[in-house]
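What follows is a set of structures to go through.
Two complexes follow with chain A in common, the first pairing it with chain B and the second with chain C.
Entry: the complex of A and B
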């Protein structure tokens, strides 16, 4: 008999039909009786005091029903780091001061969007502009404009990681290399912009339909800032059109629509425009990275020091987590005997930077992998060989930080080496670059201070055998509903079509912290597996009475067949047993619950994925244009649950990561984003995608459900580094400033040629 | 033996770990304690990244060696 009947079979997304036929109802689609439309007035200044806001003219406009400003709020400074008061620094509707262009200052509800938009022009805001500061290295200088009273020299958060004797390590190194890098910003570019429909009713209940990665977080944050009881706020998010880290904090659409609805007792809908999305939601954290690494002649790593200043923007957001993770993943996926990291997050008068797919790790991997290739080049060592020599391995402990249980990095290196060899001799101006990476399978940190289990699930089995699976996780397009249905079906011994999944509703679903940090497969998956195992135990109890085996645990269920493990032909139909079980329980459906919270699993995550990526690219020496030819990835995600899901996630991550590497950026002038639209902001398009190939390396992760771990976010980490290394091997140029644009390549080529000319003349 | 944080009372095995705790927490109470000892909290933090050799942490650890209460 096969080990699994459902796991590791290709299952199309269970919500695919609803999506492609347009029946999937996103918050964007919600229309309620008497619904009003809201718009948000945003600051045009990067730093200014608000002296007065006059809303009279706007309120007098026909069709306008209400205008709210910071004066209508409780003035709560909120944030997702609830355990640390000083890190809760954002009011959403500014009362006294604005700190970035795009910060909300007022909101209008009107009978239609056009009227609301017109009313925004009638709101008169009197500002006193203040000097701004836009770069972290400027913001820490003595005398720089200070954004927040509590943050001297604009230092928001600092993080320090250290193990081994770094200074002694450097003394013993044969070769030391120092490099500075600048990692740029990136926008999430979700297809569905931030939006919400809020409906407050006279019984004091608030219902919010919204696009989010965590309905639980939004429920708690809304209740906090609005002064409502937590369970008088219901958040519904049945479908989410992309999140990538941008949708698990409270946003202006959710807050302003709720505030307006509470004032009017009518539903209010706010949908952010694409321009607002770029200017006034969060983004990937730009980082200035200094790396100093010491190695032996044979390529063995001995000591590393990393210092980072991040451009935090105006508020903390999730930036404090990104600051820690970039420091942690800077050492990944290698064994460094000694390591020291100092990271500083600095407030600036720019849109807040926060979580984005990879959560600080793409910056770490770009800088680390670029430097490793430079070190290998300095020492004349093959890039694969130096990585293999220092690779993490199963059982390795990152001192004081993490224990690596499963690790297929060496196998990934083997597969990529084989692929590179198969490419033979490359054409001129073409190079192959590689980057190795690792990533977490859910974070163990509880800065949100939840008293609940990190993930929970419940199951109800009905008389016809249909299984209602209630999960707290949020499917935002990554396919977690399908993964959960598969885990449930496998554990319970039924088919995927027997599962009906319920998610995205705080009234009906158990708590889960949401879809971020690659946590769903492992954490929600463990909760689902536990609930399914409990339901199965109850079914088997009844079957045992009927079949009379020697002992209960001789029975199992596979593919709807309840049977004796040693004699699979002897058994009963799952459907018959369920019917009898429910009758035997006085008509009560079978109910089971499961939960998961990591305990004693280090500082970061219960498990880590690993991988190696190779990027093959052409560089045009006349224009600097980079053309991606191939992108091949060997990825260790433990036991694959859904091969279709893994492939889709990995290809999607690669497209996003390649954009980070060479096309996407958010240039600013005095805090104003210069390309807030999809014409000037260059997302990688289908025609620019290279051939991609994903090779799954299967390991068994003891902490994961059926041995599974992360697949999808981690692959955002290596591409910029692999691409940069491909350019290095094609041209001899190492670009340390993302994105690697044709202009930067061309400038570096010119500089290289000038140097050669100067050397010839000399 | 351990060292007690002079600001919040948490116990740490050595003064370097205690220094990490003080910088990592970084709230007003911890800042105020460092500043009250004639040092500038922010300057020490910046020295850590501007100069080699873990200087900011070492300086604070030396101060704590003298000032922090030792506990069994």
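Entry: the complex of A and C
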């Protein structure tokens, strides 16, 4: 019999019919009887005291049902790092002070959106503007305007990581390079903007339909800020129109609609506009990066020092995690005998920066991989060779941080090297750049302070063999429901169509921390596998009486066939056995549970994905325009569960990460985002996509379900670096300031030509 | 503002509605007719999640006043399948994993449908051009392009 019948077969996402026929019901589509519509009034100032808010006129407008301000709240300073009080610093409706343009100060519920919008204009807020500070390197200076009383010099969080003797390491280096980089911000641009429909009923129960990556987090955070019992809050999120890191913190739509509904006992719906989405739903963390690296003549790495100042924006949000992860992944995916990282997250009067796909690692990978190519160039070493020389390997321990179990990095390098060779000699102004990367498969840290298992799943098998699988994970398009159905089907020995998945409802689904940090395949996957194994054990017990194995472990189920492992032709139909089993259990369905919490697996993650990406691009020397030609990725995600899913994740991540590399940016003037719309904010379009190719390098990850690990988020890490290196190899220019726009390329070209001219004159 | 009569045929069904003249087509489709398959991603005509066919031609329903569509025939994503029979593009989108979060999918399918209505044999560049306006943040477009191409190559026929 084949080893696997489901794993590693291409399965289209199981919610496909709903999505291609327009039937999928997002929170955005929910319409309840007697529902009102809400709008949120946001600060126009980057930094100001709120002296008074007068809502009388707004309340008097026909059609307005309620207005709420900070005074109507419990005044809770909330945050997702619940374990650390000083990092919970954000009031959802500001009471005394606003700290960024777009911060919510009031909300209105009215009979329709137009009326609510009109009412916003009638709310009179008296502000006392305060001096603002917008750049981390300014904000950290003595005497800069201070955002929060508790944070001197606006330092929000600091992080230090160190191993080996760095200073001694540098002494032994033959070559030392220092570089400064600026990593820009990026917006998630989920097609479904943040929204919520909240319905509070006289029995004290609140139901919130919303677009989220973690229904559990939202349940807990809402109950906290509203003063409700955790399980009197029900969060439902059946479909999520994109997340990418923007949808697992409490957002203004969820909070304001709940507050209004609690006042009115009527459902209230709030949908953020695209402009609000840009202004006030968090974004990728901009970073100033200093790197100093010491290497031997032959390219061996000896010492590295990294210092980072991040533009935190007004509140902590998930930025503290990004600060740690960027420091950790700065060393990736290499063996650095000594390494020192100091990170500072600095408050600024800008929209809070937080989690976005890659979570600090794309910044780390861009800076590290750019510098490695510069070092290779300094020493006259091939970019592949220098990476191979220092690559992480199975069994390597990152001192004090992590143990690498599976690692296919060197196979990935081989595949990419082969592909580059196949390209032959490149046309002028064309270059191929590479970047190597790694990423985690879910975080070990528990700053949210949950007492639950990190992931849980339960299974109920019905009389016709149909399996109800209850998961806590959240499918937001990445396909985790399909992955979970496949893992369940494989382990239990049935087919994907035998599984009916239940997701996105705190009333019915077990707790899982949600879809972020590449958690689902490994963590939720392990919980599902455990539940499926337990259900299978119950079925096999009943089959044993008929099949008479020496011991029950001699039996297995594959593709709906319960059989003797040694003699697979001797068996029984899964369906018949299930029927018998349920009869034998007093008529009760078969029920099983599974859970997963990582333990004794280091500081960061139980497993790491690896890969190498090559980007081939043209640079037009007259306009500075970059055109992507090819993007080839060799990726080690352990055992591939769903090749169709991996391909989709890879191409999607590449498009998003290429945007980060050369088209997407959030320029600001005194804290005001200048391009909060989809015309001026340039995401990649179909016409800009290069040819893409995925080469899976299969390894077996002992900690993952069937040997699987992360395959979605880490793919966002390499592209900006590979793209930058392609520009470097095409033109000799290394741009250290993201995004690599035509203007920057032209400016660098001009400078290079001037230098040449000056040299000729001299 | 006085309401106006709007006569609209949507997915071959005739409707008469009284609406405020400022109502957008997307609002009428979603809020009045309950056809929530058509999405709204930006309300400024920049993302094309709201694409529908207006008299057979693509239109961004967030940039069309409903009254401008008076007397018109509109096709939305709900009108692509014939009962239980999915359109060739829908089947191909399924097989190629040409959707992830699904929020752009309706608009994407409508743009692709319009392309194939007009041109039975578009080249790859023309396929890309046809969906250039449709933003997809999940897939990176290539699976969508492959799905459309597969239909062009005749691998998905109309179900009889």
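As a working rule, the second predicted complex is superposed on the first by the 762 of 762 C-alpha atoms of A that agree within 3 Å, B and C clash if a C-alpha of one lies under 4 Å from a C-alpha of the other, contacts with A are read in each partner's own complex, and residues count from 1 in each chain.
Everything below uses one rule, namely that a contact is a pair of C-beta atoms (placed from the backbone, for glycine too) under 8 Å apart; a residue touches a chain by one contact, two chains touch by 3 or more.
Everything quoted here is computed from the prediction, not taken from an experiment.
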item	value
Touching partner for A:26 - first (chain B), second (chain C), both, neither	second
Partner chain in contact with A:150 - chain B first, chain C second, else both or neither	first
First (chain B), second (chain C), both or neither touched by A:750	neither
Touched partner set for A:344, first chain B, second chain C, both or neither	first
Which superposed partner A:307 touches (first chain B, second chain C, both, neither)	first
Contacts of A:585 with chain B and chain C, given as first, second, both or neither	neither
First (chain B), second (chain C), both or neither touched by A:12	second
Chain B/chain C common contact set on chain A	none
Contact set on chain C toward chain A in their complex	30-31, 34-44, 46-47, 49, 76-78, 80-81, 86, 90, 93-97, 99-106, 109, 125, 127-129, 131-145
Contacting residues of chain A [partner chain C, same complex]	10, 12-13, 15-26, 28-29, 31, 188-193, 239-244, 273-274, 476-479, 644-645, 647-648, 650-656, 677-679, 683-687, 689, 691-692
Partner chain B, residues of chain A touching it in the complex	84-86, 140, 150, 152-153, 155, 157-160, 162, 166-167, 290, 305, 307, 309, 340, 342, 344
Complex interface listing, chain B residues touching chain A	20, 23-24, 26-28, 31, 41-42, 45-46, 48-49, 52-54, 57
